[in-house]
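Sharing a structure here in structure tokens format.
Letters A, B and C mark the chains in the order given here, with residues in each chain numbered from 1 onward.
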Amino acid sequence: MLIFMFYLAITAEAMTAALAAGRRNMDWFGVCLIACVTALGGGTMRDIMLGHYPLAWVANPYILLLVCGAALATIPLARLVDRLKWPVLLLDALGLVVFTVIGCNIGIEAGVHPIVVIVAGMVTGTAGGVLRDVLCNDIPLIFQGELYATVSLVTGGIYFLGLQAGLPVDLMALVAIVIGFALRVLALALKWEMPKFVYDREMRK
Amino acid sequence: MLIFMFYLAITAEAMTAALAAGRRNMDWFGVCLIACVTALGGGTMRDIMLGHYPLAWVANPYILLLVCGAALATIPLARLVDRLKWPVLLLDALGLVVFTVIGCNIGIEAGVHPIVVIVAGMVTGTAGGVLRDVLCNDIPLIFQGELYATVSLVTGGIYFLGLQAGLPVDLMALVAIVIGFALRVLALALKWEMPKFVYDREMRK
Amino acid sequence: MLIFMFYLAITAEAMTAALAAGRRNMDWFGVCLIACVTALGGGTMRDIMLGHYPLAWVANPYILLLVCGAALATIPLARLVDRLKWPVLLLDALGLVVFTVIGCNIGIEAGVHPIVVIVAGMVTGTAGGVLRDVLCNDIPLIFQGELYATVSLVTGGIYFLGLQAGLPVDLMALVAIVIGFALRVLALALKWEMPKFVYDREMRK
């Protein structure tokens, strides 16, 4: 089930990334590359940080074809996908929490400290979007107040604490995904925002 | 021969990178660093993705001196290099295809899936330029329609298919380099462009 | 002593990073992430380049808590930290040279070529700031003429040459740190700058 949701999530990430690339008038190659970076960049960064080789897409390169296919399919469907705004946002939210749980699993397998497990989940869930924004030459959206990384933190925290308490893996994955997903959807619906640190005095002369 | 072209290509990449740094009024250190990232970033990224250690420039650090030397030499020669626009573009095209073939070789050695071999070639050929543009705070040029990554894909594809068909390595390297180089030069001369995905409705509200 | 200065330097880097994030109106999560990237990014990049696992913050994740704590503490203290401009700049200079010496040590342990040892020191000292500027969507400050990377080069050079000459490690660490620190402070006080390469003819059509 986690694997099915993983593919669904990757497809959703690829589609939102393709729309972002389209807004910057990128060519088809750029669309594919931004899609790959967004959908697979978080997991890649986590694996490089943990020294966990081979990378997921090196072991199973058909993921690359799936992502590029989803991205290219978005081009003719852009108008439709645009009207499907809510389904896409929901899939994106699902991706965030599913990636987080998968990232925590990799961290647990690698036997690292609990803090690093949570960080591995958060990197998996969020780093793809950061890389997308850097390549599109934006200040990453994730830093602009949306409740996104926090959702990942909460999801990973619930999942890890549940496992520590001896609860079964499948149950905890489900619980963490449902809670994280609900939190993200609520944040979107109610426009919850993180508090911001606004500081406009230039310190460096 | 591949090694000779490798050094030629690295020098050319370092010089075009130095000009890009000069256009942004960087200091000498910035010029060297942008040159290193552009000339060596693709190979470094490929090696990190494949877990292929030590990195080329760690094993042979004189490459770093060559790149910095070429970059610094570009400073007094900028006016001249500017007039030599076509030679530099040709060397840059040569670099693209030579790096691609070298990247495919590393992928084949590492025993990865054919798709990953092609990706390794493409990353080697193109990622340096992407990193340069990110550090210079541009949307990477490669996403703006130039036939650049596609040339790398075609070069890698021809090379790999030839090897699969049992043709000798040296022959296929030469064939792939000649075809890729011709394709890139034609694309430059005829201003071929990739189709773009232009989409200007903001999806995220 | 080096360890104590390491923690002091990490805290200082986290605080200056938090101010940079605040100037861009980031949320609290963004403040923590920019602080982690700035304080730990250089060491992480060095370890990934050398294939030196586990990363420092994976082995000792309490560093992450320290960095996030220092960053969040900067938010209410921003006005105060602003008035403490010189102490913060001094701590930042200390961080640069201490990180450089630590980076050289890791390079020496890994048994790489002297050039790579110096590069490892420089990456440790400076890459965090480069990553911070990329995430904040600036052209990295380090390329704009400040005597920053050069200080790192000189510090690493003195340290490594001293060790080669058979001088004791502790002495050389102290000497390199004092000289590097003095050089950076002089550069700040006297506004020394690296020569720039200004070149404004567009080469690519």
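As a working rule, a contact is a pair of C-beta atoms (placed from the backbone, for glycine too) under 8 Å apart; a residue touches a chain by one contact, two chains touch by 3 or more.
Note that the structure is predicted; figures quoted are calculated from it, not measured.
Copies subunit A and subunit C of the same chain sequence form an interface built mainly from non-equivalent positions, shared numbers / all numbers used being under half. On superposing C-alpha atoms, the copy subunit B sits rotated by 120° relative to subunit C, to the nearest 5. Between subunit A and subunit C the centroid-to-centroid distance comes to 29 Å (mean Cα coordinates, whole Å).
Shown for subunit A are the residues that touch two or more other chains, namely 48, 51, 134, 137.
The touching residues of subunit B, when paired with subunit C in their complex, are 16, 18-19, 21-31, 33-34, 44, 48, 51, 53-55, 57-58, 61-62, 64-65, 75, 78, 81-82, 85, 88, 134-137, 141. Of all residues in subunit C, only 48-51, 112-113, 115-116, 119, 130, 134, 137-140, 142-146, 149-150, 193-204 touch subunit B in the complex they form.
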